[in-house]
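The following pair of complexes shares a single chain, chain A, combined with chain B in the former and chain C in the latter.
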Partner chain A sequence: MMKTNPIFDERLKKVQAVINHENEHVLACFMGQAVPPTYSDITLAKYMSDTEVGLKYYIDFVNRINDIAPVDCINFAYPGAHQAALSLIWWSKVKMPGEELGENDIWQVDEKKLIQDGDYELIIKEGSAAVMNRILPQIIDMKKIEQFFEYHAKDEMIAQQYTDAGYPVLNSGLICPPFETLCGGRSMTAFFMDCYKKPDLIKEAQDVMLEEQLKMIASRPDRDYVIGEWIGGWRGASGLVSPKIWDNLVWPYMYKLALALIERGITPILHLDQNWDRDLERFLELPANKCIINTDGMTDLRKARKVLDNHVAFMGDVPSQMLTVSTPDEVKDYIRRLLDDIGAKGVILAAGCDAPTGSKFDNLVAIHEVAQEY
Partner chain B sequence: MNGSKIVLFTGFLGSGKTSLLLRCARNLAEIKKSSAIIVNEVGEIGIDNLQMKKMGYTVWEIFGGCICCTLSVSLEDTLTQLMTNYELDYILVEPSGAADPSAIYPALSHSGFSKENIRNVMILDPTRIEMFEAVLEPYLAASVPLADFAVINKIDVATAVEIKKTERVIKQYHQDLPTVQIDVKQLLNEQIQKIIGG
Partner chain C sequence: MAKICELLANLEMDELMETVQLDLDNGRDPVEILKECEAGMVKVGELFSAGDYFVSDLMMSGEMFKEVGEMLEPHLSGKTGDVLGKVVLGTVEGDIHDIGKDLVYVMLKSGGFDVIDVGVDAKPEVFVDALKESGAPILALSCLLTTAYDSILNTVKAVEEVGLRDRVKIIIGGGPTDESVVRYTGADAVGDDAQSAVRLCKEML
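What follows is the complex of A and B.
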């Protein structure tokens, strides 16, 4: 059982109020997993590899913003064991700072065609582990997978540190729809060709993967510190794939994963990169006041408000480019124009997608400062 | 802003953007025009930047950190550095082949480049045109109208039917878009001039 404190409790209530559209004011949420080293005496490599030290630097950095303007919550916590997490969901090699990359270079996905011909059939016959267990040793040192599980065995202790610091963390897990995992493992060009030539085979494989995920979600022990979990969508964006593909291979899976989380009392946080305008009304199929959609500036939130009204909460959507090159006044102006149009109900202000390492400190602060006006 | 012109090489992964960009860079060097190259490709067909550096080109890599983010988050920073430190005739930019090219325009505009100084060259692979129409139609609908010039690549391996179909797709989204058909391995200087736009 987590030990809470008055600041945390008050902020947690605010988070719940936003999800229920009962809030009076917007929430200001920190998102910027890789930013702290830019403004600290630690390299990105050390920050990522030494999880104990990295976590401390992360919380210290959030505190520095909070000292200037309130940080009501955190979207994603410190990215401990991040390489393994990404490899597990994306089935691609992730190059890391201090290893394949320079000490302060941001991690990069090195996508290659690792799902071979016959692997969809193998997934259908034997389950996704049959393919994943072959791919993983090709993309990551398996000791890092062990370390990932060791790190996450301490999740409750880690969560307590955020609680002690007064920050509810919105996302406590990554759920990757099968479409995205297969796209990463097969590589983008080959996967889209497969979607054209053998969509039924992909669907059958995705159905097997979905069943595995639903069982996993249903059987996990309860964790009282969990507010929400990330369901990612990027290669399946409405702005990229045709309606036939989206209706058949993307949305049904995101939808069922979201329902499974809701069933467990967990808020699905649908991380929607690129443009999802075409299919916004489909989000009305989700239960009301149970989900957050996290957009990156490319989905039109004004349209989203019109279509979805108060059905889902909105998180975002300060474009990541703005954080690196604009001025704090420009960031504030962007947010004011947005909030003047869509209002504060159910809105969580945050960097769209993620804040780049080169984000200006003052721009990150600006999000939290301007939130106090609404 | 200085007088540099930006040439964007847009198009989906595997369309031949990198090869065409390199040929254009080489041609510019031959006619004594200075150029820099900016790449933002995270994917299975990443640019071999070391090879490009060995060939004497200045290559600036820009990446986002997020696994799902293909936007060129530091493009403006890179452009600012280039324009501050170099006198360039051309800046050749290869955005991610997985991203919506419309995302790049605000960054270019914010860096002081007007529409007249930007040339968006879209490269299409006719051998995959049926897949594009069936699977990635929104990508075509968003990308083709933004282009200033279209290049139908791989005519050495594409069938006449595929090339014809690619022409039809281009016209469907951008009626008057000037187009050239090429085999990037056999590119003529006059074709390069057309592509770069003088």
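What follows is the complex of A and C.
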């Protein structure tokens, strides 16, 4: 059992109130996994590779913002063993700072066509591991995969550190819909072509992958520190794929994964990069007051409020470019205009997607300062 | 709408390839076929701008255009359609993303531009050399990382330093780019998507 404290308990209640649309005020959430080294005496490479040190720097950085204005919660925790996590869900090589990239260069996905012709059939016949186990050694040192599992075996101990610091962490896991994993492994252009040329084959492969994921979610032990889990939506965005692809290969899988998490008492946090305006109505299919949609500034939250009202909570959506090049007053103005239009009910203010490494410190603080007005 | 144009605009891949092959076998002028494909791409662009098509549709049409191009290549013997102008295109230094850039490449090519693609993670001097060598009046910079804003800035400065800025228009594009990044970097304009890159380039000629 986690040992909590009054500040954490109070903030956790606020998080639950926002999800239920019972909140009086907005929440201010920190999301900037790669930012701390920019304002600390550590390189991004060291921060990423030394998980013990990196976690300490992460919490210290959040504390620095919290000393100026309250950080009510954290979207995603310190990205320990991040390269392995991304490789496992995205099936692409992730170039890392201090390895293929400079010491302070942000990690980048080097997408190549690693899923070969015949691999969809292989997934259908033998399961996704048959393809993933072939791809992984091509994209990452397998020792890092072992280290990933070692790191996450300590999840409860790590969660205790956030609790002790007073921060509920909204996301405690990554669920990647099959569409996204296949897109990463096949590379975007080739995968999108496959979606036009052989949609039935892809659907069959995705059905196998989905079943594996549903079994995994159903069989996991309960973890009392888990609030929510992230369901990724990047390449499946409404702005990127045609309605036919979205209706057939994207939404049914996100929907079923969300239901499976809810069944386990976990809040699905649908991380929606890019523009999802076209299909906002479909989110009404999800149970009310059970989900958060986390948008990045490209989805129109004013429209989302009109369409979804209080059906889901909203998290976002200060655009990454604004955090990098704008002033704190401009950030505050953006947020005030947004909140004046959509109100505070069910709203968690945060950087859209993830604050970039070049975010101005004062711009990050501005999110938490302006939240106190609402 | 002519058949090839219509097939491309409707994203009918197999039927398009069969029709092109049949036309070639019947001795049709390959330049005419190419022009019909370009018209099909214009139609796709219109559908995209109207919100009826999405990025995946642009990609599919781009792949179809490329495949037809490969089929026509041996028959063209150097002949092409009208060229509107030249564009130097690339992803800026420190950024290895190529998908958006490649899509812009195909859309510009099918829109009648001669495109010099310098690749990804391209240093300012690579862009400058390509501009000098080609005489292109437009530079298109792709950027998917906020950390690469300074690479855009440095590229714009490099173009200024060699005295080309007066005759070269610079457009930027990619996920985290907008008007604020145009102001920060000193570029001339931002394109929201591959289709708007074509529109901007046409306006800038």
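Simple rule for what comes next: the second predicted complex is superposed on the first by the 374 of 374 C-alpha atoms of A that agree within 3 Å, B and C clash if a C-alpha of one lies under 4 Å from a C-alpha of the other, contacts with A are read in each partner's own complex, and residues count from 1 in each chain.
Here is the rule we go by: a contact is a pair of C-beta atoms (placed from the backbone, for glycine too) under 8 Å apart; a residue touches a chain by one contact, two chains touch by 3 or more.
Since we're looking at a predicted model, the values are computed, not measured.
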Have a look at chain B and chain C on chain A after the superposition and call it: clash or fit. clash
Just chain B (first), just chain C (second), both, or neither: which does A:S320 touch? both
Contact-wise, after the overlay, does A:A130 reach chain B, chain C, both or neither (first, second, both, neither)? neither
Of the partners chain B and chain C, which touch A:K113 in the superposed model: first, second, both, neither? first
So in the superposed three-chain picture, is A:H271 touching just chain B, just chain C, both, or none of them (first/second/both/neither)? first
Now for A:V94: first (chain B), second (chain C), both, or neither, which partner does it touch? first
Of the partners chain B and chain C, which touch A:V241 in the superposed model: first, second, both, neither? both
Which partner reaches more residues of chain A, chain B or chain C? B
Interface residues of chain A shared between complexes with chain B and chain C: 106, 108, 110-111, 187-189, 192-193, 195-197, 238-242, 245, 274, 319-321, 324-326, 356-358
Chain A residues within the chain B interface of the complex: 33-34, 86, 90, 94, 106-113, 187-190, 192-193, 195-197, 232, 234-235, 238-242, 244-245, 271, 273-275, 278, 296, 298, 319-321, 324-326, 353-354, 356-358
Chain C to chain A touching residues, read off their complex: 11, 13, 53-57, 59-60, 63, 94-97, 99, 102-103, 145-147, 149, 175-178, 180-181, 183-184
In the complex, chain A residues that touch chain C: 95, 105-106, 108, 110-111, 187-189, 192-193, 195-197, 238-243, 245, 274, 319-326, 356-359
Please output the residues of chain B touching chain A within their complex, sorted ascending. 12-14, 42-46, 63-77, 80, 98-100, 103, 106-107, 110, 128, 130-131, 134-139, 142
